[in-house]
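Some structures are shown below for you to check.
Two complexes are shown next, each including chain A; its partner changes from chain B in the first to chain C in the second.
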Partner chain A sequence: MLVKVVLFGLLGVSIHFIFNTLLTLDINKRVYNHRPGECRKIEGPVHGSEDIEVIDKLQIAFISSGLVYLPNSASDVKWKGQIFLYDLTKRSYKAEPIPVLNLEDVDGFHPHGLSHWILNNRTVRLFVVVHSKTFKHSIVILDYNSAKRELNHVKTIRGEKFVRPNDIVATGENSFLVSNDGGAQTALGNVWEILSGFYKGGLVYYNGKKSQFLMENNIANGIILSRDQKTLFVSHINQETIGVYTWNQKDGEIQKISEIETLTGCDNFYVDTQDHLWAGCHPVVKDAAGHLGNVSDSTLYGPSQVLRVSFSKDLKTAEIVEVLADDGRFVSASTIAIPFDDGKQMIVGTVARPAIHCDINVSLNLY
Partner chain B sequence: MLQLSPFASNCLFFTSFAIVTTLFGKLLLHIDINKRTYNHVPGECGVIPNLPGILGLTTSTTGRLYMTTNSKDINTDQTHLFTFYSDNRTAREIEIRGGPPKWRLTPGALSINSETSNPNVFVHNKRTNNIDVFETNEQNDAWQYRKTFKDEQFEGLTDISAAGLNSFFFVKSSIFGTNFALNIIERVVPIPTGYIYFVSGNNIQQISRVSFPTGIVYDSVKKSIFVTSSTRNSIYRMKVQVKNGIEIVSSKEYDLGCSPSSIWKDFDGSFLITCHPVKFRYLLSLFNVITSSPSLILRVAVPTDKDKPLTITQLYSNDGATISNANVTVRAGRSLLISDGTKILNCHL
Partner chain C sequence: MGLQSAAAHFINRFIIWITIFMVACFLLRLLVVLDLNKRVYNHTPGPCRVLTDNYKGTAGMTYVESQKRVYITLGYGRAHDLKTKTGIAFYKTNRTDGRSQQEMYDLIEMTINWNGYEYKKEFIPTGIDSYSSSNGRVLLYVINAHPNHQCIHFFQIVESSKLNHRKAICDPSFSSLQDIAVVGPDRLFVTNMAAFGRGWAQILEFSLQTGQGAVYYYDGSKLSTAASSLIAPTGIGYDAKRRILYVGSMIRESIFAYKVAKDTTLELLYEMMLLTSPIGVFVESKTGDIWIAAHPVIHESAWHYTHPENQNIHSPSQILRIRIQEEGNSWVTTEPYANDGATISASSSVVFTDEQMLIGSSFGRLLHCDLTHSYIT
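The block that comes next holds the complex of A and B.
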């Protein structure tokens, strides 16, 4: 009798697991293409444009390229990690690599998430999540020299709480929030973590001296603060939701407000001047997984989606507009989308392919 | 009493359990429980005032758009025929001339054949369940009654597509058109309970069975009929040929990924298709559990080469707040018209 109960329990767990796997892989989803206007690829970043950071007052964008993510071995990494600079005032469709000086480990510089802070002396400070070829993690702080168009290394921060950092948001000259998008350090471990639901990622706050966990046993991909620095948006990418939290910097605490179901894997975020949240998303996980499993194979691509999320005043509900959708042949596995020029243009970054620059000629408010 | 051994009964139980579980899982995926819509417009949109929703429509080769609309009076089921002018987004009701004594028209699905200088329109008369044929005159908004096709198979007609002066194709979605519960099952379970018919003169011929067909278009250039299947989330391309009667030479099914509810052929040969992107919300709205359901408009190009996939572009998407359960769409000039049966949304392309 007890054996029967145990066997039926295992049977139920198995069925639940299989069905959840099918839902997670999005096997019944597809993408219908549309663009907001004319789009062109940006020359320069060939192997990825995973995160883009716009400096409003300088009208420039930094693009991180050459991401290393859960590599099988260091010898598989045949590309260089770089940071590109793109001038938003020109339609050059060309981004230039800028030198990063005085790095501790030049070969091990593979940038991931980006954030910036304006220092008191008007210097732009860039915070970069960095992985090495062997997938060791660190946070690198760089100061931008606009006269010489170069980045100077200031500090490298490592810590055991940076389990698998993905995105970063600066909260001060030397403080930041970092998201861990999981705990596994191998591709196979990551698959098991996602399918089993026992997430080991979370959120870490570094106050300039030490780190503390704000969120544990969760999954956090893109993170960003609202322009008033009071609200934190977190992408729970494998749960296909956006978490909205209050951020109290004085106490170093977050409190949950709501969780918006997007039913698409939103990656990195940008908050525009009207407080709309822009996200680059992966609408079909199985295709994105196939592409990301072998990023050097140009015949594999993942669908892309750009969403603009408009929150209610109490931040509990949201309306979502789809600005761009592509099956991957033009823009593959989008991660970030940033509007500029009063919302008339936008740039979209991808995990491992070139970024694109689009005009926005359609209405985003009437539907 | 048949006595199975414990081993055999265990095998039977677990096999049945596996089959039932698999079917249930497939059903959950089929009704799109992990899907949602994201709003998207192609340009400025607005509701056309003073016009109720479209029931059916057809476009002549000169671009003249005719449509059947519901009544403004919700207490009557009388429907109306209009000509739509895309330049100023107005409509004029069509005057019917001729017709047999005591005959009245309650128009439903319609289709136009433009082979002559005065094209002929085939209209499903929902009052009589016959197909009435009219000769149009594009100099004014008057139609001259020409003849009537009568057959009991016209009851439950869903869509019609003209093939010649005296011939047309039509589809019927279901066997149980009037039984709500059974009709719901037909919408969800992909079994071929729908019909495709061809009518030529006095002959009516059933040419295929399809799972819940919602729209049909005959393309005389490609000598093919295109049929949308709501339950299978697909569009069929069937090449037809006149031999002893008409027969299907070849058939190809393409997956759309959503539940199509209507099809309209544009002049470049592509199709505008309305879809239910989230099936379970559509079903809930049918049961009046929720008040709205998402709408999706796609432009679909079916390739001539059988081995190539569809090219699909999304033109419009809405979560139901603006337009719910869109069931008809058409491009008129630079306008995209979308209707849910109660109003017409006009979007600038």
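The block that comes next holds the complex of A and C.
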């Protein structure tokens, strides 16, 4: 009798686990294409445009390319890590690679998340999450020389708290927040981490001298601060939510305000001048996983989605508009979307494919 | 004796485990069908506006090219116990006929001459289609969704805004009529969604996915079954140029394409998985594109249909446009419109013409959108 109860209990747990796995994989979802206007691919970055950082004053965008993520082995990495420069004032649809000088490890430079800070002398300082071919992690600080159009290495920061860094947001000349999007260092370990729900990622604050955990045993992918630097937005990508937190820089503390359910895996964020949050998302997990498992296979692609999230005054609720959706044949596995030109244009970056540049010809205000 | 009892014991346990396995599979399948991990993200193809909020339902639409009019059925909500006026109205799509900006968005309600038909108070129109004959006569065919009086009504349009009732076809096999597609004068296909008309019996039927829906064909004098054992057939549309009949399946979340033979028998060509529940189907005669009005999240739709009087219980709306390529070997799907239900709830019909799109809903508004940029991959 007791054996039967235990067996039925196990059966129930099994059904629940299988069901959650099926829903997590989004087996019943697909993407229906639509675009906000004419879109074209941006020449230049061929192996990824994972993060894009716009410098408003200079009207330029930095694009990180050549991401290495949970590689099986270093020999699988046959592409170069680069940072591209895109002029937002011209419709050139072409981004130029810019040299990164004085790096400690040139071959091991595979940039991931980007952020920037304007120094007192008006220099643009770029903060870059970097992985090596063997998936070692570091934070690289570069200063942009606009006259020569090159990046100069300033400092490389490593630390045990940078477990698996993904995105970064600068909070000062030498301070930043970094997200860890998990703890596993191999693809198989990552799958187990996601399925079991025992997440080991989180959020780290580096104050210029040392690091501290602000969030542990969680998943954090894209992170960004509001324009007034008081609110932190965190993408809990595997839980398909956006976490909203207060950010207190003086005390180095965060406090949770709300968690917005998106039912799609939002990646990196951008906050526009109207305080809308823009996100590049992965709406169908199974296709994104297939694509990211073998990024060199051009027959595999992941669906793309660009959302604009508008928060209520108290930051507890949000309205979501879908600006772009693509099944992956045009833009594959979108990670970041940034509007510019007063919201009339937009650039969208991807994990391992070219970025695209779109016009926005439809109204995004529905209510 | 021992051998017999051992064999019986084994068979008994085998049957128990098979039953458990089947129940587990049923539960998993049911849970996946409910779309618990889906939601809709709002977007529009251009400027939109509400044409009417006065009827609890604008569930059926058809376009008459020769008149440049869209005919709309009103008041489907009465079939779900809502208090509302019912009827048929039309919208003029011609924007260069001299009307003012305000008049351009007017709906014109039609008067119906019932010619002595005794059940006119039980008229709850939903699916609608039209036939334009060569002599200029325009005939309308309308599904009556009244729970006690499911019929197909035949009308003729006279004097611009009047309808003459010609006859009604009622049959005991009509239990859940949804939509209608006309293939010739008084020749039409209708979808019967379920064996049970409404309520918990229908919900149970959908949950078990027993496949008791059907497509019926009326040849002008006799009714017959054209396709049976379908799972919740809903929207139906006919491509006259290519002689293809499209039938939507709400539970399978797919569209079936049938070739209509000269004797009007149906030959299944292919099934197109949409992964969203099609409710209304419109076929663009020029291009052959299929437009779908869909319910993308089934559990929210089910809740909305169970409580249609509650204004706070929405159902998402979705419009898809499918361009068939290579004679049905492949297709491209775009999504011109999607809404979480706050603007328009439970979209159930769609018409596209002259860069304009009309979206009807089961219990609420009629929406008009301009497709200023029709982008398709």
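Structural remarks
Definition applied: the second predicted complex is superposed on the first by the 356 of 367 C-alpha atoms of A that agree within 3 Å, B and C clash if a C-alpha of one lies under 4 Å from a C-alpha of the other, contacts with A are read in each partner's own complex, and residues count from 1 in each chain.
The rule we apply is simple: a residue touches a chain if its C-beta (ideal position, glycine included) is under 8 Å from a C-beta of that chain, and two chains touch if they have at least 3 such contacts.
What you see is a predicted model, and the numbers here were worked out from it, not measured in a lab.
Bringing the complexes onto one copy of chain A puts chain B in a clash with chain C.
Of the two partner chains, neither chain B nor chain C is touched by A:R227. Set side by side, chain B and chain C differ in how many residues of chain A they touch, and the one touching more is C.
Legend: residue contacts after superposition of the two complexes on their common chain; A:G37 is shown touching chain C, with no touch to chain B. Legend: residue contacts after superposition of the two complexes on their common chain; A:D326 is shown touching chain C, with no touch to chain B. When the shared chain is aligned, no partner comes close enough to touch A:K155: not chain B, not chain C.
Applying the stated contact rule after C-alpha superposition, one finds that A:S363 touches each of chain B and chain C. On chain A, the surface touched by chain B in one complex and the surface touched by chain C in the other have residues 15, 18-19, 22-23, 26-30, 32-34, 262-264, 305, 307, 319-323, 325, 362-363, 366-367 in common.
Of all residues in chain A, only 15, 18-19, 22-23, 26-30, 32-34, 261-264, 305, 307, 319-323, 325, 362-363, 366-367 touch chain B in the complex they form.
If you check the complex, the residues on chain C that touch chain A are 20, 24, 27-28, 31-33, 35-39, 41-48, 253, 275-276, 318, 320, 332-336, 338-339, 342-343, 372-373, 375-377.
By the touch criterion given at the top, residues 11, 15, 18-19, 22-24, 26-30, 32-35, 37-38, 262-264, 305, 307, 319-323, 325-327, 329-330, 361-364, 366-367 of chain A touch chain C in their complex.
If you check the complex, the residues on chain B that touch chain A are 21, 25, 28-30, 32-36, 38-46, 257, 296, 298, 312-315, 317-319, 321-322.
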